[in-house]
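Below, each structure is written out as structure tokens.
Shared between the two complexes below is chain A, which has chain B as its partner in the first and chain C in the second.
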Partner chain A sequence: MVSSISQLEIVIASGKGGVGKSTLASSLAILLAKKYYLIAVDADAEAPNLHIALGIDEWDIVEPYIEGRIAYINRDKCTDCGLCADACQFGAIEVRNGKYYVNKWICEGCYTCSFVCPVKAIFFERDIVAGHIYVKEKTIYGFPLVSSEITPGRPNSGKLVTEAKNKAKKIMGSKKGLILVDAAAGIGCQVISSIAGAHAVILVAEPTPSSLNDLKRIHKLAKHFGIPSMLVINKADISEKYREKILEYARRENIDYLGDIPYDENVPRSINTMKPLLEAYPDTEASKAIRRIAEKLVKIIDNISEWRLKHLPAKIEPFIPIIIKPGNNIVK
Partner chain B sequence: MKIAITTNKGGLDDQIADRFGRAPTFTIVELDDNTLEIKNVYVVENPGSKAGSGAGVRAVQKLVDEKVNIVIGPNPGPNAYIALQQSGIKVYAITGMTAKEALNRVIEELKKK
Partner chain C sequence: MFRITVTGGKGGTGKSFVAVNIALLLAKHYRTVLVDLDLEAPNDHILLGIDKLKNEEPIKLFLPFINTSKCTKCGVCAKVCDTGAILLPSGAYPIIFPRLCSGCKACYYACPYNAIIEGYHVLGYVYRTNIVIENTELTLVTGVLREGEEHVPPGVNYTRKKAEEIETDILLMDTGAGTGNQISIALKNVDLTIIVTEPTPLGIHDMSNVLKITNEMGIRTWIIINKSSIGDTSKIYEISEKYNVEKIYEIPYHRDVVSSYVERKPIVIKYKNSPITRVFNEIAQSIIGLVRSNGK
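Moving on, here comes the complex of A and B:
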């Protein structure tokens, strides 16, 4: 069973999009769920699609996610002086027939308009449904899936991702197990939230210049949190030159290399059938590669404490802020 | 001297929270500057835990408001990291134990100095 750390959290991330995070996550989840009590979390709240890879079209639990606020103008009090429109940094206040209104899609809820309003006509609508958390208690592969989705135009999905991860922990309760998090592309708020608190990160890269660049960026984030990383190179045979560059980076940065997945035309076919690759094409080259990766991963999970000590990232170079004070020269 | 510990429900028997900016509470311990004995313990809510974004900065702001000198918890995120450096609050990165255990370790470290 999962050694020493009773509830292990592993995140699959890549920086660059489209390198195969969800494809790998769905297949790894199926393999690892045979050995551990596993909960999968789709932490890409902006474009969730792990449920598509796992063939889920109905949820057991749908919970609204409440966050933020939107201004509205009380028409009875408003004198249409237009101060709010001048003050709004987001251009969220519109004039229609000489009257002022808040555009709900643009308003960030920053309160500025309410501070400048001379007649206190601006109020705030709270309880905004900014997204949803979805739970499938048992996928056809046996493990639960927690997914999250942000409403278009609502900002900041970091908290939503935190709540989705907390939901998974709640489902797990006091049991021993593994939480497998499929992170979003990029290194933004929700990716930071996906990585924070995790025990290990699986970095997925493809041998292209842009993937290598984004790999370094996402790895910097993992280093920031002091989380050790593993590496999977997907579509590994498309460029030997960049495969070698990625491997060199991994060696230099003490990233544990789990293996390659070859380019395989059955991967897009499996996505189109809404089945994980492993179920759709169990004998294709990419499936075999994922099975080998899962075997390595199991060995790591069973000795996770030792592995973490061995692969702890080097401390990041301290950031020295440049403080600019009014009237002063720049001091370092 | 004041030491804050990132906690879940709060209190010295609580486990250290596994996230910095979104830790639900800070358990704040006041120490005697000379003897390093615990004078007072109280729990404050972390406004970062409820923030949609900017959680790290809000958390550090709370620590600054509370005049904390040292914080014990997981590695802070990028924004919290910069804010902590600018505010001069020292971080002891410790997780996987109770607040009390971590506090005792830090006090021992401080006594060596």
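Moving on, here comes the complex of A and C:
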């Protein structure tokens, strides 16, 4: 397969949540797995849903993800001076009835509080089970799925996403194939970990003002990484005006438009049966649209190097941090 | 001040839709601040029809600078740094990587020689926009992450702190998707949390994860089942009982929602007689009841 890149990584992302990433990912995975050796990765560790879309309720491998620390205050030593609460940059230290406590759903375990505490009242729980990596070696559709889930309230879900992607690469070994990554909503650490190192991004949008706004933000992120993008418009018929605005943006930004998926009442129905749309309703309009999108995608994958050259971002826009030096001099 | 947080776990369940409409109804009775804490995909202003956010201020995260006249190259700063933002090449002064730095300040306090000076790194921007829609006044505080930045939790904390400085009766916070600690920051010390979900296995799965946090934090919790007509809601009622959810409201799928969304005019303004507006009025009345019993 895959002309010049032996292990291809394609990410499905959208910025806005709930526009249909997992619906598209589950059906695309089934179609692409017929042509390529494919591994699907659920990179939304804070709200992993791809396994549900694929009807998986049992795993072959469950590995704990051990990461981070949580601070605790020894009430016998604490003098309730409040220095720790002032120093914490995460707002993790709360005061209740004049007494200080660490909110374990917020604490990242960075040690800052322990350095400012004058009476050494802070201790740490270490080796926290901050999440899990799950592997289904063979879904009923034939391909493996690697999923990740962060323990609610834990930080650094991006690191867990990187681990999940590495797990998929390990399973792939030296084989040629395609890793299809279903990213989280947003543009933060999870999404950065998802798209770092990818060869292409499939952007999913719906024709609404919010989705257009978020599409621009996620696309800017892809441009920072120099990754070329494709576009799918889901629920395409809900607003012609915003569909046109999205297409206009794609044309201007050299994003390869793969096609529309119409609003289809069978989509929520299929989600409720825990079957990918393509399996639950193979002849419904949205399924037909996804098949057309998959055909286009196969052509792209088979000529990925050429495609990448043609669709590289129009302008290279590396990420540049904005820094304020001591003394308030802003440096760009 | 009465604090409410709207959250949900799954993306696209309608958190911003709920937050914006409830904020507008509450603003008729109380001074209300709506805080958009979805720094990665802030959309409350878009739903409110606002194009230009006002009063921009940078979200400043601490960034270490080395005072080379004091630094002894001991390496303590690099050792305490959890994010790998400080590198100590042998024989040289520490090198700082701003994008990796979470601004936690551990290095600043750990340095035995006081050789670290406080600079900043701009994570994004916080805006404060005063809005008037049909004689209803509302203050919107919006946190926006710069594309490419990744340390969302301290940015959420910063944005919330800015909003808390405003004198108001009601502080209504709208969070992003997910269940990480950036959500818990919006949940701490609130009087009410409203979880917006949808009756699908995906919505229910993510809602359950949020309920674990709100339940253990001991927060009064209500649920809004959005698009309630697209699936079976009975599972949500079942789970809610386990987690002491106080109230459940249903908002059916309705075309008024889509058209108000695309026209960027909140439904409680655009369709005053819509069945959806009726549900929002009922929710707002219940909140007002709570605020009153809290002594306001």
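Quick note on the criterion: the second predicted complex is superposed on the first by the 275 of 332 C-alpha atoms of A that agree within 3 Å, B and C clash if a C-alpha of one lies under 4 Å from a C-alpha of the other, contacts with A are read in each partner's own complex, and residues count from 1 in each chain.
Following the convention adopted for this analysis, contacts are C-beta pairs under 8 Å (C-beta built on N, C-alpha and C of every residue); 3 or more make two chains touch, one makes a residue touch a chain.
Note that the structure is a prediction, hence the values are computed from the model and not measured.
Colleague: By the touch definition at the top of the document, which applies to A:Met274: first (chain B), second (chain C), both, or neither?
Modeller: A:Met274: touches chain C, not chain B.
Colleague: Is the number of chain A residues in contact higher for chain B or for chain C?
Modeller: C
Colleague: I'd like to know which partner A:Pro209 touches here: chain B for first, chain C for second, both or neither.
Modeller: Only chain C; A:Pro209 stays clear of chain B.
Colleague: Does the superposition put A:Gly17 against chain B (first), chain C (second), both, or neither?
Modeller: second
Colleague: Is A:Gly226 contacted by the first partner chain B, the second partner chain C, both or neither?
Modeller: After superposing on A, A:Gly226 lies in contact with chain B but is clear of chain C.
Colleague: Classify the contacts of A:Ser174 with the two partner chains as first (chain B alone), second (chain C alone), both, or neither.
Modeller: neither
Colleague: In the overlay, answer first, second, both or neither for which of chain B and chain C A:Asn97 touches.
Modeller: Touch partners of A:Asn97: none, neither chain B nor chain C.
Colleague: Going by the contact rule set out at the top, does A:Glu46 touch chain B (first), chain C (second), both, or neither?
Modeller: second
Colleague: Thinking of the overlay built on chain A, is A:Gly158 touched by chain B (first), by chain C (second), by both, or by neither?
Modeller: After superposition on chain A, A:Gly158 lies in contact with both partners, chain B and chain C.
Colleague: What is the contact status of A:Cys110 with respect to chain B (first) and chain C (second): first, second, both, or neither?
Modeller: In the superposition, A:Cys110 touches chain C alone.
Colleague: Jot down the residues of chain A that show up as touching in both complexes, chain B in one and chain C in the other.
Modeller: Chain A residues touching both partners: 155, 158, 189, 192, 221, 224, 319, 321, 323.
Colleague: Can you list the chain C residues touching chain A in their complex?
Modeller: 9-13, 16, 38-41, 43, 46-47, 58, 60-63, 65, 80, 82, 98-99, 102-106, 109-110, 117-122, 145-154, 157, 160-161, 176-185, 187-189, 199-202, 205-206, 209-210, 212-213, 216-217, 227, 230-232, 258, 261-262, 264
Colleague: What residues of chain B sit close enough to touch chain A in their complex?
Modeller: The touching residues are 18-22, 50-53, 55, 74-75, 77-78, 81-82, 85-86, 93, 96.
Colleague: In the complex formed with chain C, which residues of chain A make contact?
Modeller: 15-19, 22, 46-47, 49, 52-53, 87, 89-91, 94, 103, 105-112, 115-116, 150, 152-155, 157-158, 184-192, 207-210, 213-214, 217, 220-221, 224, 238-239, 241-242, 268, 271-272, 274, 319, 321-326
Colleague: Touching chain B in the complex: which residues of chain A?
Modeller: For this pair, the touching residues of chain A are 5, 67-68, 130, 155-156, 158-159, 162, 189, 192-193, 196-197, 221, 224-226, 318-321, 323.
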